[in-house]
Amino acid sequence: MENKIFEPKIVAFVCNWCTYAGADLTGTSRIKYAPNVKIVRFPCTGRIDFMLLLKAFGEGADGIIVSGCHPNDCHYTSGNFHARRRWISFRSLLDFLGIDTGRITFSWVSAAEGAKWAALVNDTVSRIKELGPYTDYEKVARYYEEEVNHE
Amino acid sequence: MNEYQTIAAGLLSSGTAAMVIGYSEGSAKRVRPVFFTRPEEASTLVFDSRCVQNIAVYLTKKEIRTEGKIAIIASLPVMRSIIQLASEHQLSEEKIIVIGITPSGEVKQFNGFDALDAYVSSTTIEIEARYREKIEQVEKMTLTERWNFWKNELSACFKCYACRAACPMCYCTRCTVEMNQPQWIPVPSHTLGNFEWHIMRAMHLAGRCVDCNACAEACPLGIPFNLLTKQMILQFKKDFGGYNPSLKGLNILSSYLPDDKENFIQ
Amino acid sequence: MARIGVFVCHCGENISATVECDKVAQAAAGFPGVVHSIDYKYMCSDPGQNMIREAIREKNLTGVVVASCSPRMHEPTFRQACSEAGLNPFLCEMANLREHCSWVHEKGEATTKKAIDLVRMMVEKVKRNQPLYPIRVPVTKTALVVGGGIAGIQAALDIANGGNKVIMVEREPSIGGHMSQLSETFPTLDCSQCILTPRMVEVAQHPNITLYTYAELIGLDGFIGNFKAKIRKKAKSVDEKICTGCALCTTKCPQKKIPSEFNEGLGKRTAIYVPFPQAVPNKPVIDKDHCTYYKTGKCKICEKVCPAQAIRFDQPDEIVEVAVGAVVIATGFTIHQTGFFPEYGYGRYPDVLTGLQFERLASASGPTLGEIRRPSDGKIPETIVFISCAGSRDPAKGIEYCSKICCMYIAKHAMLYQHKVHHGKSYVFYMDIRAGGKMYEEFVRRAITEDQVNYVRGRVSKIYERDGKLIVKGVDTLMGAEAVEIEADMVVLATAGIANPGAEELAQTLHVSYDGHHFFSEAHPKLRPVETNTAGIFLAGACQALKDIPESVAQASGAAGKVNILFSKSELTREPLIAVVNRSAPPEYSTCVGCFLCQPACPYQAIEKEEIKDRSGKVIKTVARVNPGLCQGCGTCVAFCRSKSIDIQGYTHEQVLAEVMAVLEND
Amino acid sequence: MIESYLLQSSSLTKLFNKLIETRHIYAPVKKGMVTSFNRVESLEEVAKDYIQTTISAKSILFLRNEILFHYKQENGDVKIMEPDLQRIPELVIWGCRPCDAKSFKSLHSVFNWDYKDIIYSSREARSAIISFSCNQADEYCFCTSAGSGPGHTEGSDILLTKLKSGDYLAEILTEKGQLIRDMIPAIFETPSSESKEDNLARIPIVFDTAGLKQKLEQAWNSELWITQSMRCLGCGACAFVCPSCSCFDIQDEKHGKEGVRSRCWDSCGFSLFTRHTSGHNPRETQAERWRQRIMHKFSYLPDQQGFTGCTGCGRCSRACPADMNIREHLAALINDSTSPENRVA
């Protein structure tokens, strides 16, 4: 197990109209990227609950990508603006708590930016690989393991 | 009788108010909230620096019911809470008389929320120096030190929810921690459950917290989770240019500016 | 218990080349709740869809996951297939194995593992899906057209000819818009009014069109199919029903020095006036700001001379409320006035004109009856300079965009001048000539070659007056940036086209988005150019971006087509992927506490207040309610709601959390 | 079976050091304004001067969050793994007050009433309680009115009373206590003649428990439930600091294919505590919940078990953010004259 190369688990929260479509374009353009990232689709970045980021870390995610439409391009006019405020405050709170915000990539990827999506994923994967597994948060989530491991 | 006692007694004897909420002497040199309906009780009212419990919390409780108006002895944080609650459609102007006592000790009776709003808007929420220093101390730590600091502090929490109960802004009838489909926040008071509870609490108070400190005062374990909301207020002042409850403004997280600044979105 | 079917598609080799589809199907078969799991070459083919239909029937599936291409591609296909087999279409989800996996990763264990994770995620989601039913809303088959320029006229006529009712609101006393001010039109040089006036009359006479001129839209509530529009009909001070349109009043009005809007200030009008002879309706209105009676309480000459006794000084503004099912915004544009340009004299020189002013000079119905004469002294200009891009494409002036119509109308202006002043000399200063369009380039060429218009590529830095002449200083960049100085008698600035004043306010009234220049935003710059992001509100003409007449007309017909499609059914069905505020039994009724902080977060004003009352009618609780007609399903309110009392169908808390948990699950 | 000895002040360290060789010791530790029972390694860590700890010692035996079992999904089946009770260490609760020691009785009764809770019982069996009598009290203390007292012996295995000389009177109360004595018999010397009573705090009796119980039986409809609970915020601070409150909730937590079921503290003061799925709540108001709290401790438990569920430690009053003072409220209930016809809420 120890000899295995660290393959980070990364979950991406993306909006349906821009980044999800952008990732579709990456596919249709056959641009390759690392398979570590798995996409969860949302109607809009405005829908992404901050609790989901914590849940992802708790379930063992080593990194998170949050991505949606560029400012002014939101399918719903302003969902991404609301999301941006939410991330500005949430990110600062996490940082204050000692939760590694360097493991969260926030980005705007439009439906036309298939190449940007691939680059974003690859950058995130290599950055997380350098950081190593994120265990701080997962450990408190799996607090019981210490007690039950001996079984 | 002093000024606020006289006003309170007057409101009750004239029938203008049906109940007065204020503070009186409690046990062991503490003060406690009181609710009275008879003018003669007004002489037991006290107001001093010990009155840190935010009694605006009672205004939204279904247990506090009267047919008539409620008069409330309101410190500045209580006044702020009333404005914030009013902006969230939780209080009706016709039911409340505010006997405000300003930080300088001036007694001000407010007719209507607009007048109260004008007064509250003329003040600003400033984080006390001792908390600012503590926040800076935490901010100066390395990421790991910060994590360990909070892990140590928050793991002590046994989730009595006194912080929630003491907060006038936590008036939801079903708190998200009580939601079990899905179970967002683990119920047990283990470190994860505590982290998620306090993170969520801070986020839900974002732009709503009036910095009264009642939550921290209520905590039987002295956990400094109030630093989270205080840090947030400092951050909001920086990021969104100001922070004050008001009937006119919009909540920070349910509004936005097209040119909000950030430096982390790629 | 859930009975989920998983259908893994090879997509020929598109998926199977890098993902081991059989392994994915095998793994999925082991997921809790999965009772059927197969892989097949083409799930979207007829036999593939049949497999799904059969499995639903035979195995009583409660949910289907098709692991194939992007849901943006085939979700409707597979949902339809499920529906045909009796499964609610919203119990079908797709795992995107092609665009998000097989096409972007190399063949290998990790790729197949990711495919399995994606399928697991969708299985966990679909277990929590609920049957959903399309939302039906009735449609009021009346359209509101805001603006009576050529775009509004075209849209109104097309909608009305499609058999639907139209209410047209025009701010000015007459419809016609800017097109009615034009002399000739490019690239054909046919007379603008000759082609426009019949359309205006048709609007006035169309049985399906109700025309409100001198009126403004002041409010719009509701949602697609069911809007309520509030219109203020400004008092015209003339009883339209009685007025015969004889215009005697306009000849007798003592106020004769009011600059005429129609003539761009180059002519004068009276206080009671008809903006132009072909106006529709051709009945006067009293301009209260200039009328002697309204200002001083004395005069009433018009009342005395009116043979029909139609003057009504005490007429009030009237507010009418109309129910409409769709709105077409066609409020047009305006232009910068010469005062905007310090380098060209801040509008101080009377012979520095805007393009629209030149149109009025060149128009047979204009103040000079079509003769090109200087406003200052009435002389015919011997030398005339046209300056393009006055303000446009100039970030320093705050306008980055090209006003699009100027290159063509400058060519037209220069030609008209040359046709009318044979010995005159005309110059055009330009940056680039943008003449994309049918017969456009040929038209500009004609100006240069046949009409000897001098095109100078360069900018004009300054205009000043010397001995009654306008000195135009510029450079000719094609002659090696040589300084050029022309002594002109008249200068015409092709000033930038800009959004109408009040466009921002109107956008807010209509709840549609607008850009930084206050032009209204289309829903998609390419694929939805006539829709706004607010369902049921469409755009036509220059209010969206500067455009010429054929483009405006085309967009107007497009918008009208959209409206007629919308009106072709009596009920509207919409995808039910909308937010819902929970309701429960008493005494709670809902976990919503009615803080309404979600209201400002909603881009569609879809969140309403609902009062929950007891039997005696007493309000027990006020809670939020999402109007299903207005909600577009972004879910911003859902993430914002503290008590998690709002959820969004199709992306519920249970679903998304289960997805996150499942995708991170360790094997 | 009480055996009394003298323990010289210097012997206290010897006793502690002897115990820590084989046992985990939990003792009051002061951090800021809060004193709580933590696992300690040396006597120096133990708080010196405390009337009462902020949190009671109950959390050592009745864990805030006790894992009942751990499960795993494997090959379409679920494997359940119960905790290894043999791993529970031998432990000593050091420095708890007589009121706390007594409160273990009510915890014991709850966890051994109709069903023997093996987890609690195993912890209880492996723990010894060395209490210290109180020589000071504050105005929240009312143990003497609640069947306990500053030198009460019930519940402790050894009770130490500090004498004026600085030495301790050691009372060995149980077999567990004797076992400890036998670990280091040399330090247990012949007691002096100094009276234990003279070295105890004076805590006035404000009401008598039997009278209270009688009164409560008539008090269901008292107005006092409403007026007293008016300022109650509905938090769980009182229940969580209480040494005898034993309400719990059972919770499942799942992580992928595995998870745990645990038992965690709950409080009857929470409105959610009795709320049904339908939304109906049999204890709709805070007054009803306050009545439940008092009735349970002073009426129902005495009926069921023969003793009160309160030992008068006063923690709930100290912890209450709204200054609900149980001693004062109980005294008021005894003197209640409001008409029983007045219904709550």
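Per-chain residue numbering starts at 1, and chain names A, B, C and D are given in the order in which the chains are listed.
Note that contacts are C-beta pairs under 8 Å (C-beta built on N, C-alpha and C of every residue); 3 or more make two chains touch, one makes a residue touch a chain.
Note that the structure is predicted; figures quoted are calculated from it, not measured.
When the interfaces A-B and A-D are ranked by C-beta pairs in contact, the top one is A-B. The greatest centre-to-centre gap from chain B, using C-alpha centroids, is found for C. Computed from the mean C-alpha positions, the centre of chain A lies at a distance of 34 Å from the centre of chain B.
Remark: chain B and chain C have CA centroids separated by 45 Å (rounded to whole angstrom).
Remark: chain C and chain D have CA centroids separated by 70 Å (rounded to whole angstrom). Multi-chain contact residues of chain C (touching two or more other chains) are listed as 588, 601, 640, 653, 657, 661, 664-666. For chain D, residues touching at least two other chains, in rising order: 253, 256, 262.
The multi-chain contact residues of chain A, meaning those touching 2 or more other chains, are 50, 55, 58-59, 72, 78, 82, 86, 141. If you draw each protein chain as a dot and join the dots that touch, every dot ends up joined to every other dot.
Listing the residues of chain C that touch chain D in their complex gives 30, 32, 584-588, 661, 664-666.
Of all residues in chain D, only 73, 76, 254, 256-257, 278-281, 284 touch chain C in the complex they form. Residues of chain B touching chain C in their complex: 88-90, 171-176, 179, 181-182, 184, 204, 250-251, 253-255. Those residues of chain C that touch chain B in the shared complex are 588, 591, 593-601, 622, 640, 642-645, 653-654, 657-658.
Put simply, chain D touches chain A in their complex at residues 67, 70, 81, 83-84, 87, 253, 255-256, 260, 262.
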